[in-house]
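Note that the chains are named A, B and C in the order they appear, and that numbering of residues resets to 1 at the start of each chain.
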Amino acid sequence: MSSPLVLLPGDEIPSEYLPSTNSAPLRLGPGLRLLSQPPSSSAPSHVLTATQAGILSTDNKKNAVSILSAPNRRYIPTVNDLVIAQVHHSSPDYFHCMVTPQAPHVVLGQLAFEGATKKTRPMLKQGDLVYARVLSVGLGAGAEVELTCVNPATGKAEPGGLGHLTGGMVFDISNGMAARLMRASSSSADQQDGVAGLVVLDELGKKLEKVGGFEIAVGRNGKVWVDCSNGGDAAVKATVAIGRCLTTVDQHDLSPADQKKLVSRILREMKIEV
Amino acid sequence: MVGPTASLTPLARADGSASYHCPSTGSNILGSVNAPVELPGRRDALKPEDATVEVFVKTGTAPASVGERYVEGIIRGVVGRLILGRERGYARRGVVITLAIVGGESVGRADSHLTLLPALLHTALLALLSASVPLSMTFSATVLSVDASGKITREPSAEVAAAAKSIHVLAFTSKGHLLLNESEGAFDFDTWEKVRQRASAICHGTSTVGADGDIAMVEDADGQPLEGTIRETVEDQVHRDYAWKIDAA
Amino acid sequence: MNKEAPLSIAERDFILNALREDVRLDGRAADQLRPLTVSFGEEYGHVKVQLGRTSLIVRISAEVTKPHDDRPFDGLFTIAMELTAMGSPAWDNGRQGDLETYVTNVLDRVVRHSNALDTESLCIVKGVSCWSIRADVHITDYDGNLIDAACAGIMAGLQHFRRQDAVVKEGQVIVYGLDERVPVALNITHKPLSVTFHTFDEGKKVIIDATRKEEQASEADVVIGLNNAGDVCFMSKFSGSPVDAMVFVDKTSVALEKVKEINAIIDKALQADLAKRAKSGMLEMSRAENDRELEQ
């Protein structure tokens, strides 16, 4: 990427920045809208303008273009996002869950779990956590957002790990950090600088192997669930250490080298043998 | 003259925030935006297909008065025109803008709030950008005072404003439209036209005014157009936020 | 009214279990404060407090007004705190919540009712005019422990503030501008601060300076207000489950230690600000200030 294009709302996107492959229709991501121009002008009849401030991001493979905006913004549910939801109450057909505070509850079907039937459905209480996928966001105002913990096509919890999260601890991170962690944890490539500028997870993974490793689930709604239940005596300390590492990297935008130093420093502070 | 300084996202809890300091008027504003949020208890008042914009201005050192309610109305009008309240996730939700006057001399109960208005408007805009609220475009605003001799002062201090014959606040969108015109005091059309030209030069630079020699000098005195200041503030923050991505490239 | 999102069961259990092992989420010890910074703005009495991720701004202002009829020799002192949506998206603008009422009440008791500010010195003409000192607290980021942070901010502000000089000449009150006469520091009688404790595990675990999540997971809170000399001026336990009386006794010594620590941070910031002002050509002003204090 050459110097990135920073756009403000109302800025037009120069056509040379758009993906050049013309075979597929252009897909507009968040932060952009298509406006038609007055027919008199010599320019093309449609222009793309930004509605949010951020960096223009293009994906030539998918022929998609979108704007990467502020990482601390409020999460708005989007189809297929993985989120960590908290059960608020249940009704005969649904669990009503919280994904973002100060926002309406979202619904999760009582049977939208792997292998759930009327008799074997999970009994979730208020305050329980679920790792779920956004199934639909509905249309128009007041539409309900629906989550699912199962792939409706296969009846399996895909991707793995969807469902009730037991034990562990949840840490709050920014939206942007959640997206980066998602990319970093899903990519298997062992790159030197890590994926999306993050080496903190790899580093923690290596160092915490001795205490039994850890499980992690990242929700796009700015939550990360961490569990070290295999850790025995060090489980609590290791969980806290992971949480501290992730939130510090998020708050201070640490470089990969600093992330490695941070991991060593926090593990030393928490007196965890590595 | 020393231009205003601003920073994006100084706060952690709010969805978006900005701080803004204007040395010539001495105002120092901290703003936050929470959006889209549910506004309970006001359901009946909400527009079903659009976002509701709420603006709250908090005084620095005095009890709240009608002056703040008055500028709140103006700010709500200005940003309400730019916020795309029908975008996904915003309909029937609230955009809550909170602006606190954290520095500078407090405005007396009977004094004009117009001198503070541009700083409040800029803070609101930057906080909206920081919260990634969808907007159709951006804007810039300035306040000018005209004294008895017809001399125009940009962003007057409290004393100059108190002695002025008229005070004008003008805002222009990034596309050059006049977005807001609030005037106070006695003035004639010629004066207003001069004020408008000067304000446009302060916000956009002189390119829109033409190749008039006199005005070119004015531009030098005004330094960087305000629009540029806003753009730079946003660019700085974006570069910080995405340093990991930019450095890796 | 909007509320802070409740904690999940996992969070609540984890915080409690970790405390049983004496581990806190940010790696602190039970009686360790988060990093505290106090800084001052350009104007007198403009304070910024940052306590971990909690931050606030305090502004002190003064105006001449008429004293209350029943207390003709006393000036006025008010603490105004309003929680706006800036501090937390869970707070509503223009609506008073329980937290706001509670915190304002405690601040009033610790700072105002303990006579930290000598209101008699604010009197100008008996029964006719006096100074009204107002402390505005703006919460900019809320991550727990508002009371201690606001208390430190108000006390720092009162010590930093300089009011205009006023004299009575032939029955007329003349107020001199800040540049006409050396402004006057407020008369502070003592420096009370609060220390808030939260209890867990049936009162067996007690921590100070809780974060927002720790506050939500706690059973009860105990506030102790005292000054550097160890004089307790406030003690409360408003709600939550019962706390053993010994906690109050034991923790008062911890509170004293913390009050000294916070006061030292405030003093250091005041010194640094004074030095900065002296450097920027205000040397005369601070010197005159010292002279005045010596005369008293």
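By definition in this document, a contact is a pair of C-beta atoms (placed from the backbone, for glycine too) under 8 Å apart; a residue touches a chain by one contact, two chains touch by 3 or more.
Computed from a prediction, not measured in an experiment: that's the story for all the values here.
Taken together, chain A and chain C share the touching chains B. Inter-chain contacts peak for the pair A-B. As a whole-number value, the distance joining the C-alpha centres of chain A and chain C reads 39 Å. In this assembly, the C-alpha centroid of chain B lies 32 Å from the C-alpha centroid of chain C. Shared interface positions of chain C, defined as residues touching 2 or more other chains, are 2, 89. Chain contacts: chain B has residues 12, 15, 34, 37-38 touching two or more partner chains. Shared contact sites, meaning residues of chain A that touch two or more other chains, fall at 102.
Listed in rising order, the residues of chain C touching chain A in the complex are 2, 4-14, 17-18, 21, 23-27, 89-90. Considering their complex, residues 86, 98, 101-102, 125, 127-129, 165-170, 225, 236-237, 239-241, 243-244, 266, 269-270 of chain A touch chain C. Taken in their complex, chain A has these residues touching chain B: 1-2, 4, 6, 8-11, 31, 33, 51-55, 68-74, 76-77, 102-104, 137, 140-142, 176, 180, 193, 196-198, 251, 253, 255.
Those residues of chain C whose C-beta lies close enough to touch chain B in the complex are 1-2, 41-43, 46, 53, 55, 57, 59-61, 80, 82, 84-89, 93-94, 134, 136, 138, 140-143.
On chain B, the positions that touch chain A within their shared complex are 8-9, 12, 15-16, 34-38, 48-49, 82, 84, 87-89, 91-93, 129-138, 173-175, 230-231, 234-235, 237-249.
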